[in-house]
Amino acid sequence: MQLSREELLESYRVMRTIRDFEERVHEEFSSGGIPGFVHLYSGEEASAAGICQHLSDKDAIASTHRGHGHCIAKGCDVREMMLEIYGRGEGLCGGKGGSMHIADLSKGMMGANGIVGGGPPLICGAALTAKYKKTGGVAIAFVGDGGSNQGTTFESYNLAKVWDLPVIFVVEDNGYAEATSSKWSVGGTQTDRATGFGMPSVAVDGHDFFAVHDAAGEVIERARNGGGPSLMHVKLNRFFGHFEGDAMTYRAEGEVARLREEKDSLKIFRAHVTKEDLLSNDEMDKVDQDVAKLIDDSVKESEKAAPPHFDKLETDVYVTY
Amino acid sequence: MQLSREELLESYRVMRTIRDFEERVHEEFSSGGIPGFVHLYSGEEASAAGICQHLSDKDAIASTHRGHGHCIAKGCDVREMMLEIYGRGEGLCGGKGGSMHIADLSKGMMGANGIVGGGPPLICGAALTAKYKKTGGVAIAFVGDGGSNQGTTFESYNLAKVWDLPVIFVVEDNGYAEATSSKWSVGGTQTDRATGFGMPSVAVDGHDFFAVHDAAGEVIERARNGGGPSLMHVKLNRFFGHFEGDAMTYRAEGEVARLREEKDSLKIFRAHVTKEDLLSNDEMDKVDQDVAKLIDDSVKESEKAAPPHFDKLETDVYVTY
Amino acid sequence: MSKKSYREAINEAIAQEMRRDENVLVWGEDNVGGTGGDGEQDAWGGVLGVTKGLYPEFGGERVMDTPISESAFIGAAAGAAATGLRPVVELMFVDFMGVCFDQIFNQAAKFRYMFGGKAVTPMVVRTMYGAGFRAASQHSQALYSVFTHIPGLKVVIPSSPYEAKGLMTQAIRDDDPVIFFENKVMYDEVEEVPDDPYTIPFGEARFTREGDDLTIVAIGRMVQFANDAADQLEKEGISCTVLDPRTTSPMDTESIIESVEETGRLVVVDESHPRCSMASDVSSIVAQNAFKALKGPIQMVTSPHTPVPFAPELEDQYLPDANKIVASAKLAMAS
Amino acid sequence: MSKKSYREAINEAIAQEMRRDENVLVWGEDNVGGTGGDGEQDAWGGVLGVTKGLYPEFGGERVMDTPISESAFIGAAAGAAATGLRPVVELMFVDFMGVCFDQIFNQAAKFRYMFGGKAVTPMVVRTMYGAGFRAASQHSQALYSVFTHIPGLKVVIPSSPYEAKGLMTQAIRDDDPVIFFENKVMYDEVEEVPDDPYTIPFGEARFTREGDDLTIVAIGRMVQFANDAADQLEKEGISCTVLDPRTTSPMDTESIIESVEETGRLVVVDESHPRCSMASDVSSIVAQNAFKALKGPIQMVTSPHTPVPFAPELEDQYLPDANKIVASAKLAMAS
């Protein structure tokens, strides 16, 4: 699939925004500015960006505990995301959700999810809405390699197949579920599992934006055209620990340094587009600067922003009660 | 696998006992003698008999709501089973369990189960016990085609594979989950699903005792020898409704009559063993008579037997409390 | 107005709402019954026939069977509700909550709060509860207390056909996730039920008996037993109010408190297990808020802290009944 | 005797029981931490390090990681327990019960009853609960009330390191399924804990303060807050008994009732949601069994009927604390 210059630049902006967002959250967490459980997406940018490039607000995604990247790629407001992660009243979820529960339904972002395997059932419902209302929308559930072993995920594979829903299951396999290796925890392969449910599937290098983008284009188009669900097995790596605070002793010595050197999706992207003369370094540098400022402004604002008003504690439980 | 004359006769006895038990329970239920939800196994005898022929008390099985056949094949006392189904104090579970909860742990029968997909996780535990204690035992979970779509079942496939447990998953596919056809409800195939989890599998005609017995022999031997889990897809049919009281209008006109004619595992067995001169009709007729008497006596006793004493209501909740 | 069974009343409410709003869809195991097979479609309409007739009228796009995958299809209801549909989905027996509770209590129930008030999740989970059906430990529980514990859920327990229709109509029109508890033993009970749609608001108790000496709060099917007990007590000169909360979340605590302030005595009848139950809940609310009015100890009539037994003789003993309520009422009066 | 943290106390109890009985096995997500990878094994010992050190000592046959498949591996604990092992298995956060509750409440809890008293299922499910960790709605719940509701389960909520060790040892030796609730905020709290194994029997409350005017029953971490409140109240001339039930199932209702019979007043402190909660439960038991002794309304101090918010300022407001307990105690005294 050929992308316009604008589209390429936009995809680059998405990836850079994710990277900067996460690296900065890492810093701010370390220095105590951010509370809670925070799971960073650095290293996995090409997956969210390559897939969501095909989507618009009428398409839905369901994310995981590692949701920042998906949110950004799906168009959530970065400033409001940062405010949310800081637990501020002006955050995207009014400070009530935090990192693991960022959502923006108006953008088709159905929520990060604190429950591993929580998203796939929900996305079947979003896909049903799209199918029933004939919106042409598709629905995408991201799960990790760990989440690929949760019963809710398998049930959703089957339901999507049996109901013939416009769903794509994206297994983002970063090699670990917390500290446990996916080489050990996953019986069989992700693509054979898809076959087991009668779904087509594709495995792809998740560090390569273009590989992801192409593969996603195909499965999304099939779903949009009534061809039913598919599965993508996206192989990638995370640059940080499972969550902030993880000492990562379960990883081989030097693993992350090597990955940052060899498997950096932003570097790979830049090398590709400059080599093929699709974008210039200058253009991308400009994006880098814009993004850096955006993130910096967001953090500064978030640091100073007010917490939710105390009378918000008991609101938003019901529409009426 | 070659079976001795004695073994063959014993297997025939098991199948005949199941058949007679179920046909009689059907009658007694219809005339109001038996309370509750009752799911009959008639038509599926060759599966339980062919598989359990390989097992002894050190091996465990977990059954389903349609559990009578598995219980009988695993050696539960038929008289006590009947008493249980009648809700009598002398029943195998003191009248507290009923049809859906018959168990005899001393026989390695870990219970029928009112929860579809309830058994596979349990059987992983029984297999772990066998493996850890090096008993040489295997553990077998029966599930239906419907149960094959339950998340707990898939998780168990994966856990058994990852922990390398001596488990066999037997999917008894009788074409329906309640009134819903397995042609529709099962995405993919059972054997492809096994492949998806890295397990070997085999599909077999479940009306044919010998086919089931051979296939089971292979997978059970593998498990016993430390070769890990396998899946059997056993295709068969049920002669009665989903539960007693089901009018079966979802089945094609004449379907059951045809099945009783063409797919009766007892007839097929008898034809085979007489043709091959393995057993005589006389021998089997004698078994038929013995079994008829056993069932009849059990029913008569059950009809007259006393309910559990009222002070049993609150016992057996805890070992100590 | 015509005589309708509890089953028919629920069916009619759903059918009428489906006619009114094309975003109302129905799914669950065998809610059609027959999908993929060679026989009749709509063969079952749910395991006890509650949704029968919906498929022929509304077709396969709006009335669907599902695989036995409760997490997936109940989660799908949450996802569909958050994106614009109004699903009425069936968790056949509430005993099966254990394979799908996450999608109900961590997803549907919490969307609105976690997302800062921006989500609306109008879904109804229909489910059967209750003992007395000879269905034993895993098909007889009354787990509404567990759902009532969870913020974000509404919990409805209709005690008669009239109640069932009005509360179901409200449930479908309601914008929050509603768990609708149908007592499986009551499906064939009949009473006069209006033919036109009507709603019964949530959080407004009804009084089935009015009396001065004692308040009996009873949940779901227990309302009948409470009525019977009240009638019996009346003859012995004890005049009872019987209050049916209709919905346990929201619950009309005001009416409960007011009633106890008038009568000074309370018996709570709840067929669930006793610990952390609706019986506990109502008792504690009164003990905190109407203490001054109380003339004697609060009495709870519940099932024992025991799974539901199979043997009919034990099961009959297991459930609360009019006699047990009468006995407790006398205890309440004695002190 | 030496200073041990709540985490160390639990770890030590498990290790000692593993030394004592080779049938005790441990598994859960990352209870080793590192399986299959190229780095350190025993890298985690559970997400907050409670099982760290068990794998190096007892090896991979007795201490195991699992896939993220709670139904399978917790159900496996039930199956293993029913066939002769004594598993100590981890449901990381109790918030995750929704993906595996069936195996706990319909399988493990009911085997013994359904099978007519013939099953013995000695398993311990360790799980973390509680707010205050900035972990938001799906990682902060205190769902012990739900487990307490279920017959067949035992429910343990240790309120200090000493309690944690003794109760864990008992839990492992106990022949029934035990749900062991660890408050995640308390892991680093330390106190003197004996080095040798000891057990604390289930169903025997402990008194952390003795007083005449008021009984405070507090659950788990709330015991500390209750102690603080009692100390504060003491200064104001109100003398409190603080009672920690230790186990909510079985629960030492006798001690609760006796205490209220002495003091005449009750405050229950429970960090869970208020409806059908332990606060309701204790209140209702007292309102039924110690009514005559009560001098004023029972007060409940709980979290609101609201999911747990993320923002620290809201979360701090969400939980009960000493001030709220003091305020409720004064209400209890005023009437």
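Chains: A, B, C and D, in written order; residue numbering restarts at 1 for each.
The rule is simple: contacts are C-beta pairs under 8 Å (C-beta built on N, C-alpha and C of every residue); 3 or more make two chains touch, one makes a residue touch a chain.
These numbers were taken from a predicted model, which means no experiment stands behind them.
Any chain that touches chain B and also touches chain D is listed here: A, C. Taking the CA centroid of chain D as reference, the farthest chain centroid is that of B.
A separation of 35 Å divides the Cα centre of chain B from that of chain C.
Rounded to whole angstrom units, the spacing between the C-alpha centres of chain A and chain C is 39. Inter-chain centre distance (chain C to chain D, centres taken as mean C-alpha positions): 30 Å. Counting partners per residue, chain B has 93, 95-97, 101, 113-115, 149-152, 155, 158, 162, 184-186, 317 as the residues that reach two or more other chains. Chain contacts: chain C has residues 66-67, 69-72, 95-96, 98-99, 102-103, 106, 113-114, 136-138, 151-152, 304-307, 309 touching two or more partner chains. A complete topology is adopted by the chain contact network, contact being made between every pair of chains. Every residue of chain C that touches chain A in the complex is listed here, in rising order: 25, 61-62, 64, 66-67, 69-85, 87, 99, 102-103, 106-107, 111-120, 151-152, 154, 174-176, 203, 250.
The residues of chain B lying in touch with chain C in their complex are 35-37, 87-89, 93, 95-98, 100-101, 113-117, 146-147, 149-152, 175-186, 247-253, 255, 307-308, 310, 312-314, 317.
Contact residues of chain B toward chain D in the complex are 60, 62, 91-97, 101, 103-106, 110-111, 113-115, 118, 120-130, 132-133, 139, 151-152, 155-156, 158-159, 162-163, 315-321. Those residues of chain D whose C-beta lies close enough to touch chain A in the complex are 29-30, 33-41, 43-44, 47, 65-72, 95-96, 98-99, 133-139, 304-307, 309-314, 317-318.
Residues 149-155, 157-158, 161-162, 184-189, 192-199 of chain A touch chain B in their complex.
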